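Same chain, two partners: chain A is paired with chain B first, then with chain C.
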Partner chain A sequence: MSETAPRPLGGPIVTKPFAILGVFLLIGGYFILRRFLFGMADVSNMSNGYPIGTWVVLDVVIGTAFGCGGFAMALLVYIFNRNVYHPLMRPALLGGVFGYTLAGLAVMIDLGRYWNAFNLLMPWYAQINSVIFEVALCVMAYITVLWIEFWPAFLERMPVAIKQRFNLHKLQVFLRRYMYVFIGLGVLLPTMHQSSLGSVLLIMGSKLSPLWYTQWLPLLYLISALTMGYGVVMLESTLVQRSFKLPSEAALLAKLSRVAAGLLVLFLAVRFGDLLARGQLGRAFAGDRYSVLFLIETALFAAPVLILASRRRCANMRLRFLATISLLAAGSLYRMNGYLLAIDPGNGWTYFPSAPELMITVGVVCLEIMLYLIFVKTLPVLPGSIAEASGRPS
Partner chain B sequence: MGFVDDTDRVSGTIRNLDGYEGALGGLTRREFLKYCTGVAVTLGLSSFTGLRIAQAATAPQRPPVIWLSAQECTGCTESLLRAYHPTLETLILDMISLDYHEALCSGAGHQAEAYKAKSMKENWGKYVLVVDGSIPTKDGGVYCMVAGKPILQAVKEAAEGAAAIISIGSCASWGGIPSSDPNPTGAKPVHAVLPGKTVINLPGCPPNPYNFLSTVLYLLTFGKPPDLDIKNRPKFAYGRLVHENCERRPHFDAGRFALEYGDFGHRQGWCLYKIGCKGPETHANCPAIGFGDAGEGNWPVGIGHPCFGCTEQGIGFTKPLHALADVKTFSPPAAFPTVDSPKGEGITPAAAAIAAGIAGLGAGAGAMALRGMKDEGEEGGKEASSRSSSGQH
Partner chain C sequence: MDLERRRFLRGAAGAVTTAAAAVAAPVNEAAAFGPREPKTLPPKAVGMLYDSTLCVGCKACVSACKQANGMPAEQPASLAAWNEGTWDAAEDISGKTLNVIRVYQNGTMAEKDREQDGYAFVKRHCLHCVDPSCISVCPVSAMRKDPVTGIVTHNPDACIGCRYCVYGCPFNVPQYQFDEPFGRISKCQFCNHLQAQGKLPACCDVCPTGASLFGLVEDLQAEAERRLAAQPGTLYEFPRGKLGGGRPGHEAPIGHYQPHLYGEKEAGGTQVRYLTGVPHEKLGLPKLPDHSYAAVSEGMQHTLYKGMIAPLALFGGLVFLARRSSKTHRDEDPARSTDEEDASS
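The block that comes next holds the complex of A and B.
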């Protein structure tokens, strides 16, 4: 399918950055342990007024949007049949695997009675009218699908002896034949739960500022998840290519950035069309906290559109990188506003995450990066390296 | 209302509902089918069962009902008279044949007694026996005499030929007020004087009329009593605690209680558990269907009075009104959250430092990445053009 088949990068796993990340992971792990030993109140500032805190907003709502690379690329490559982007597929998938798996982990930290979570899978307890139930089941299913989609990378690296011992070539044939089913699910499921993350906010009612509260929340969350998916693929590809000196994918990224820009235009059109239709646009200039947040968010959304409007600027790595950062920041701020900053539960509740709470989130993100590094070094994920000749174990 | 539109398909099986004036107690056929469906839903059955109920309710041979009143206050009958969908007269004139009822029958004295005897003889083994009031057993049952004989005897005689027996009200179901200490008449519930018979108990003081109407229509439709609990109460009506469906339940869970009548919490509509509400140990569907057809919230707790447990033996008329209920679901926590709990904590220096650190790290990493990109940007641009041209081949 692609000219350069993916292969493991090799090289030492424990490097200096890896060790630094490890320190943060240890700190986060310490607080996670405290959370399970002494309860939520020991580490978290969440309250009855703000039951949704940093863990859900950063690790789940924003984290899964960052994990949408696999979803966004699968949509482009397999549904719209743009095979040129195929080299970006496997790294995007890997990002999705970790983004979602660790979001699942973060939910288990966040659930007060996590030991009851298995009841979600008991059909006789199913509350099929609940959006959160849909999100939970859908995310669980998608994590499974992502690992299945990624499984060929393991199989390619597995020693022949083990494959024969466990008859794994049959599995390989099965996966090759039926992968389209999982790819289909891999596009369907995120469409469902990423829009549902917007639907969750529909019950917030007047708690959420009218600048964000709209019946179009599901659509807006879906579009912004797609843009963030492409954004994260561009960011990851740029950074990895530079750090590991891989063949440049600039041409692909330039093309991809225009897809993302198109989606951003769609997002802004729906966002502002809805505000105009509801007659709430005036609030954007009210000068209060919400209007400032809205203006910053809108600027972050608009900047990449302006940067990527010209084909020449798309090809400029630096500008493209800036646009990518801005796009990801915009999507993240949009989510943070909807779930935390633009919410006022009333009755004087306030919330700012505690230090241990933040450190748990930092630890989870560090774990994500560390796992990514381990995987790209040991499994065939990234396209062949330039440094291949310099004695890399094959 | 999908099936109403489909009635052409089934019109062969349903009787001519519009056939004669007043056939359905003034309801149109559509309203009547709606009503029957409503009954089916109250019973927790499929809405399609409404059709079978409609057929049973319009059967040409209306099932005879003998209603005996023992030590009672006529509250059960009064409650039934206040049913509006449909009205009691629709039930007793069009659906069943109420052949004997002391308060409602048009005849009196020997005439009424003679008609009762005639009906029982003609319909032996087919009629439904309804009893309200408890049965005095002391001194041969002399404390409640009807037509010259103890009601105990009348109930036993009528029960012999009954197809089904319904005890309506708390007195008939478990003894009610007459059986409370010191119980001078030796009052007993109906099932206690009819050993070996299945008696459907519909306790309540007064009972909800719709539980009675639904039970009767169930009997007419299926020829057997609805699912009963161990105290022979229909599960559709008495399967859950009042506490489980109470609209004030969130106040219970959040620890907001009225502490005396008229205090702040009482006026706010908070939970009445601490002033003696027996909802946590009483099985009834009062919060779900309310009373008097006056809309939601029209039941004792809804208007600010604690449930006093009328449907439960040993609670209603027995336990003091202000005694705390024995919570059957799970006990309230020893320490309820206070109403003035802290509303969240502000920003701490450490948290601010970490948040700023994350932001700074992100900005720094971004800037570092950008710095090295200058040259490669050009290179990337060149490569992009070359690759895109090659892509077109």
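The block that comes next holds the complex of A and C.
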């Protein structure tokens, strides 16, 4: 187990993978420009039957769940006081910073009247019964909290001269002393808006298949956000450890994977308990589109539970990685189904995203990965590294 | 390890208590899940009675609506080149069409208002729900319901274009202009600008048969019930324009109505009533429960966020636990304590 302090990785910023990501970013940027010049229909297949398309579902509903690493780890490290997981905290937080910030930016592409977006903050326009209003304000607040939580990484890296000039060491001390308040907010806010992402669907009523429409949507969305948060931490840690040859966190990840498995069991229990209680379980085997989607989704949720049930399989990196991928796919499909695939607006409407529409999402995700790479190379995010061995000045 | 375990258990106990405080309320509530109180019809609610059996499909209402609301002509792609694009042939309501007449066709279409081998007309526009989903979802109060007339209006200056009103409306009424760089939400506002001048909504004003009939919702309800009670085929004096408005009506046989008066109870009730000869599902009027989904959604929100008590209690517990954890962490983290000294020196 590594107890080394976080350090910048160093190394060149512009590498081949970085350049490839950049190409996708440019393609996405081109279509974003078209969207603003010619309207959404120019690049997107969204319609008045399916007014919520892949931008919201992939970038916000699924994207923020992928950004729940910081939330999920803070719950474990600070609320349940499991300090062993501390080395995973900062990279998880960074993932959250980008996941959420870029979800916020993606919303600006999706908003049909983006120039009015500030109305969300105007008290005289506030509509407190609106679930979307709660989500919007809560996500904005959480983005701010995430940057504050991550701010010490900047301060640690800042030259002493600048710190003295702007009296920043006082800020550093302040942040360190009162960080627990922001940690509290950093757990409260995602609890609120991730559950609200489920409540949003309560308005859909008969447009949403009864396999997904339930009063338990808020709880199911909250649990799935946590499982995806742990999933993302495991995925990111495994990928980063392999590509940057960092000390292995295998023992820690094996432990973490069992936490995730426990939550998955809870999710499935609520999901099936609710279907049974409402007498809708029969629809799962009706053989129609919804039942197929439901069965795929359930298989993806159940697979990681089966893999991680044994300690021996947990310790196997390959199997654990497989379980992680399945877990993330399960949560993503659950959200995609609720918001898009299990929705039937009637009157023969159909929707399949266009290539330019998807390229905008791909561009946003590429930007996210590029920023992540820049940050871990220049800021103290990841635990002790080869850069340390090669004597890189910190 | 033992120490750590004990500390974990202590933390867990605290966390569980905190969580219980926050979760207990919603869980109890969810067991006997309570939607918000249903809303009631405003005192002077105005509305429309659309009698499908009277409609002759002339689309004068569609044309008048476009004129009254300054909306452009619209053609399906296949007809775009026809007659230099001046011919309005909208297939459904859209960002540029606030009302439309659609036709139901079956088999030989031999007889009007018959399900088998028949045809029928239906009008699509906003039903001005008693408890509208569009108002419930709108984060910036762009959708509003007039407290007296009950007309649901849209304010484009407030609207951010998130399109949740489009997504959440059970009747698919609000429409966003996807083909415009600066698109807006379009929806029927029951010509409230004309009503302010004492005029009728354009569609009811021009309807030659009184198929679209304007009036107070209570009166329209009584009129609809009279028509339903009358013997099909007997002669009946149908009013035009406004119910009780003094315009000459016309005499015609009572239609073979479906017994269901659509719009009275759907989605918690609306201010529009549909009398049809063909089952309403066949005409694109969806089968809906008697309660509004807005009441379900707001019931959940009001339970979870009642007085912000649950979130604040949760926040207090979280801060307490986080504070204790970060203290113990700092003690055992050598890298951090040196940093601390460095920073405070």
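By our rule, the second predicted complex is superposed on the first by the 385 of 394 C-alpha atoms of A that agree within 3 Å, B and C clash if a C-alpha of one lies under 4 Å from a C-alpha of the other, contacts with A are read in each partner's own complex, and residues count from 1 in each chain.
Here, contacts are C-beta pairs under 8 Å (C-beta built on N, C-alpha and C of every residue); 3 or more make two chains touch, one makes a residue touch a chain.
Predicted, not measured: the structure shown is a model, and the values here were computed from it.
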| item | value |
| --- | --- |
| Chain C versus chain B on the shared chain A, clash or fit after superposition | clash |
| Contacts of A:132 with chain B and chain C, given as first, second, both or neither | second |
| Contacts of A:173 with chain B and chain C, given as first, second, both or neither | second |
| Partner chain in contact with A:49 - chain B first, chain C second, else both or neither | both |
| Partner contacting more residues of chain A (chain B vs chain C) | C |
| Touching partner for A:84 - first (chain B), second (chain C), both, neither | both |
| Which of chain B and chain C A:21 touches, first, second, both or neither | neither |
| First, second, both or neither for A:206, with chain B first and chain C second | second |
| Partner chain(s) touched by A:92 [first = chain B, second = chain C, both, neither] | neither |
| First (chain B), second (chain C), both or neither touched by A:317 | first |
| Which superposed partner A:367 touches (first chain B, second chain C, both, neither) | neither |
| Chain C region in steric overlap with chain B, selected from 163-171, 199-207 or 289-297 | 199-207 |
| Chain B and chain C footprints on chain A, overlapping residues | 47-49, 84, 347 |
| Residues of chain B that touch chain A when the two form their complex | 337, 341-348, 350-351, 353-355, 358, 366, 369-370, 372-374, 376-377, 379-381, 383-388, 391 |
| Interfacial residue positions of chain C with respect to chain A in the complex | 4, 7-8, 10-12, 15, 26, 30, 33, 92, 94-95, 133, 135-142, 156-164, 166-168, 170, 172, 175-185, 267, 284, 286-289, 293-294, 296-298, 300-302, 304-305, 311, 314-315, 318-319, 321-326, 328-329, 332-333, 335-336, 339-340, 343-344 |
| Residue ranges of chain A touching chain B (in the complex, touch as defined) | 45, 47-50, 84, 238-239, 242, 248, 250-252, 254-255, 312, 315-319, 321-322, 325, 347-355, 357-359, 362 |
| Of all residues in chain A, those that touch chain C in their complex | 4-5, 36-42, 44, 46-49, 51-52, 74, 77-84, 86, 110-114, 116-117, 119-120, 122, 125-127, 129-134, 136, 156, 169, 172-173, 176, 179-181, 183-185, 187-188, 191-192, 195, 199-200, 202-207, 215-216, 218, 345-347 |
